[in-house]
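When the chains are written out, they are named A, B, C and D in that same order, and each has its own residue count from 1.
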């Protein structure tokens, strides 16, 4: 798919606003109300309301059977979801921190991702795995990773990273509809952010990038929490007379690359922003797509990646912010990139 | 490090040749003889001699204590290696198929990779994890993956992919010496290939790319089993008057990128070959390094990735070979790339 | 088809129809795997394979306790489970030969055969990989209000994987309709249970999950069927999961590469004398349930069925490569709406 | 320093020196965590924290059975283990405050404190993450011919992780010198053991590994010490691993975000009455091992020690950011040789 959906750019003045976590919860509630096959399972998703409060009151509304608390057994939980999915249910698994998908990689990668293909189409695995990613909470190296590149690299998985409340709801609804396993990576720092969320069951289609902002000088591609920072940076750059296009792929696999390549062809400058460590990260793929395409010939400057340092996330606040891209760094990198004369 | 080591290019006529798996075994035997702290553990590494026959007679030579058979418990095995390493041993873990590292990702990624940094340097984890990668044996999707991109993306892990018997021994010896966790990915199809292996404990330093062949027209970067195919392709291309440089990074993390960038600067054409699926694979990083560097300005054609298809590895022989790069495809892609006029 | 045997019924060795079915099933498994072994030896089949020759009793006795709409998850050593649950020999053979008519369209091979029609949710190349999946399927059936039961087959070695532990605990706390059947053939590849576990019986591990654990002679079809039928009835009745350990033995090497260095010829010979098929034939003849001629006919039919399967599978078209990129994901209505 | 208690010695409540050490340790843990709780409440500490207030008995009683050169692995709720094994309060507090003088140079925080000098191989942010590591350390000591023992602390919830299962089995088949101590505080975050397991006691799970399993009152320091000393002696003597379950209770929420919706005020109040410190003070005074004034002095010293630690830690320099890229890998001689 190569179409770009800009209708999701809601006016800030829109009537209905809610937080990112409320949007996730609303999507789950609507899907569960519409379809008995949909249920949620995970650690402390019940009366506790979820480690990040996302499931909230769903336990009270849908009961212990469909908002199912589990023991601390990530491999078992995901495996149970895979089994429930092949047997006709539509499970939504919550993994408390995406770091703990490490415990469940066999069921995610060797089972869920491959079953449909490997069994010749005999079975489908319509499941959703939601997990919070990222740093910024002082939880240190084992609770702060951004592992999207791993999942995006696995054939058979679809991977989304919602960057706004509207997409948090829309992408999740689309993920639940999808007959394939979909990994939904939500950034912890976004849960409390709010924004417009359209009424009703509006889907954000999987595999469609969003152009968040149009500008002629520079193309910024950003994912997850970095989309907001890129938009802030673009606003600041605009005051300096630099107009940036900001593109949010939203779905990392399958990737809708056309809008990115079109924009880079126009601007000649590409800056790629992610929180994850740069080395072999997702933005390497975006860089590769650019230099494999005719857009390469239009580059006025080398592609610039602005990524997390190749280090585990440290605990101390100053160190934690120092190792991932912050607003100033993004603005500085963009300014530098504009100064390059080819 | 940015130096390039070409001395490792052994003359084909060299006196001492052995197979890739014999070279791995020799490295383990020499390390175990030289250092009591070194031992090996894994499933069926003992009397069975290893699923791919790599440990062979080591059990008979070193006994059950140091060539330690384990139950089928990958997470436990790797965790035990981490614990043994922090307590002063130098474990070498064999995982029967690299696909099963999925079971052990927590101990590899959340523990081994992070302990040194996360604990402020209080502990080191000098362990080696060896695992066979790749397709070509008709073992299907759960026994044929190439997951190097995952490990290369994890700060705190070093990752090597030996492509020759000499490097299979040299890189493993260097990995055992290293005070950090090193992932050694050996390709199944290489185990039976043979080549020159220098006498004695000659190390192949980690973090040093090898230029396997020099040519002015085209730069081919290849990893693992694809290095041999790239060399064959280069020979065939040479007959057509196309001279290719072939570079084998050998260590994926930390990457010695300079020789690649230097070569691309000279040739203006880059072809990147790996067995793993292309999307968000390791070669995306190489492409990114190129288009982030001044080499970008010297490109006469878009960078070309020749990778596995984004599908799980199928069982049927024809399908299995169809989804990963083969010699003809590599030659064809190179020829096409040479025809591009910028 | 599978004939179901419940605890209510007479024992299988006393019921001519059941006995015929059981014997025919065991012979079909034996002959199928001998044919596979032969095709590999002659280089007519590629990849790898894991034969269950000598273990036919546990697959057959267990599946006899199940209804067609009950489900199983199987293992890398799954031909027996697959056949006992009622799969087509021809489609199985076609799969192993990499044919388009195979159960996985030639994409999975021996370790990945699934057949929804007969309730086989799939063999698995990952040791213990099917155990959490079986647990989840049982959860689904329970939530759907169906009275289906799921049986999960796995080996002694698999009981050392974390997946075994997590799945059995989930099944126990949720009282799911699942029966865990450990086919203890004494070895996980080369590693003997003497060294791989510190318990006398794998069934002892049921204690960690508060579920019943029982060990039976896996080469005694009736004993297996009795134990599994009891566990299945319990599961169907809402009593929750059980762990059944069937003690048996693998006659052949673990896979092609096995040199049998970890066990003695004597041990293998000893177990060959405990052949579950010979034993069942003797039993039904002694009890007069089946005559020698009936038994011989069953043997002949099994042989014919396999021969036919090999011939038909060989004639089938090779697996298609043209739609491989379109086969990774199941078609998604939502996306097509968008692109439309 | 840690004073070691073996099964040979008189019970800790009867020995003035041991009693003093035990009471001082429990008070240091209690006061340290109260201070941490207060710093968080006042926004002077960031990140998250897991307090073991109410559980001081098991950490203290267990570590008393260990020599300084014995090792432990700890958990996200590890302050007590760390202090009981002899760590410096100042360096711990400095770590929680993100200081360069902290045990992890401010890079790990509360969940990652390790102290090789006192044999603490590290807290762990991953539930059950330390269990296989403890097993591996025990393997190392055994292979090195040392008579060191490793204790692995973990919670009731951790016993549902695959890592628990795999590690205990490895320790059992290899007869390793390791003692697995499950601090059962009735909840894994919000999930009660009533629902998370189907056994009466976590110690029942020892049966799956053929190792002894015992359940003790975790708030009775002497009972904990008796059970752990016996297990440690057994391990040191080559008898292999044991599983000790210490039943206790967490007074505070799981972490900052906890609203205690999953338990009643009454339950918390009831357990507060079982305070391991009050109980031990009562015991030593009744037995005349320590006088009230001695007890009061111990309390005061603990309070002073914590106050000092907070002051000193606050004065320490913040964690350095300049060498962060050089801290990912331990320096490797081999590579420097090459670059030279």
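Rule of thumb we're sticking to: a contact is a pair of C-beta atoms (placed from the backbone, for glycine too) under 8 Å apart; a residue touches a chain by one contact, two chains touch by 3 or more.
This structure is a prediction, so every number in the text was calculated from the model and none was measured.
Peer 1: Name the chain whose C-alpha centroid is most distant from the C-alpha centroid of chain A.
Peer 2: Farthest chain from chain A, going by C-alpha centroids: C.
Peer 1: Between A-C and A-D, name the chain pair that shares the greater number of C-beta pairs in contact.
Peer 2: Pair with the higher count of C-beta contacts: A-C.
Peer 1: From the C-alpha centre of chain A to that of chain C, how far is it in Å?
Peer 2: Comparing mean C-alpha positions, chain C is 40 Å from chain A.
Peer 1: Using mean CA coordinates as chain centres, what's the gap between chain A and chain D in Å?
Peer 2: Each chain's C-alpha centroid was found; their separation is 37 Å.
Peer 1: Taking each chain's centre as its mean C-alpha position, how far apart are chain C and chain D in Å?
Peer 2: Averaging C-alpha atoms per chain gives centres 45 Å apart.
Peer 1: Can you check how far apart chain A and chain B are, centre to centre, with Cα atoms defining each centre and the answer in Å?
Peer 2: 30
Peer 1: By residue number and range, which residues of chain D touch two or more other chains?
Peer 2: Where chain D meets two or more other chains at a single residue, that happens at 104, 106-108, 112, 124-126, 129, 160-163, 165-166, 169, 173, 195-197, 327-328.
Peer 1: What residues in chain A touch two or more of the other chains?
Peer 2: As it turns out, chain A has residues touching two or more other chains at 70-71, 73, 75-76, 99-100, 103, 106, 110, 117-118, 140-142, 155-156, 309-312, 314.
Peer 1: For a test of understanding, state which residues of chain C touch chain B in their complex under the given definition.
Peer 2: Within the complex, chain C contacts chain B at residues 46-48, 98-99, 104, 106-109, 111-112, 124-129, 157-158, 160-163, 188-191, 195-197, 257-259, 261-262, 318-319, 321, 324-325, 327-328.
Peer 1: Which stretch or stretches of chain C touch chain D in the complex?
Peer 2: My answer: residues 160-166, 169, 172-173, 195-199, 204-205, 207-211.
Peer 1: For a test of understanding, state which residues of chain D touch chain B in their complex under the given definition.
Peer 2: Per the stated touch rule, the residues are 71, 73, 102-108, 112-116, 121-122, 124-126, 129, 131-141, 143-144, 162-163, 165-167, 169-170, 173, 327-335, 337-339.
Peer 1: Help me check something: in the complex, which residues belonging to chain A touch chain C?
Peer 2: Contacts found on chain A: 1, 3, 5, 39, 65-66, 70-71, 73, 75-89, 91, 106-107, 110-111, 115-124, 126, 155-156, 158, 174, 177-180, 203, 205-208.
Peer 1: Within the complex, which stretch of chain A touches chain D?
Peer 2: Per the touch definition, chain A meets chain D at residues 43-44, 46-49, 51-53, 69-76, 99-100, 103, 137-143, 309-312, 314-319, 322-323.
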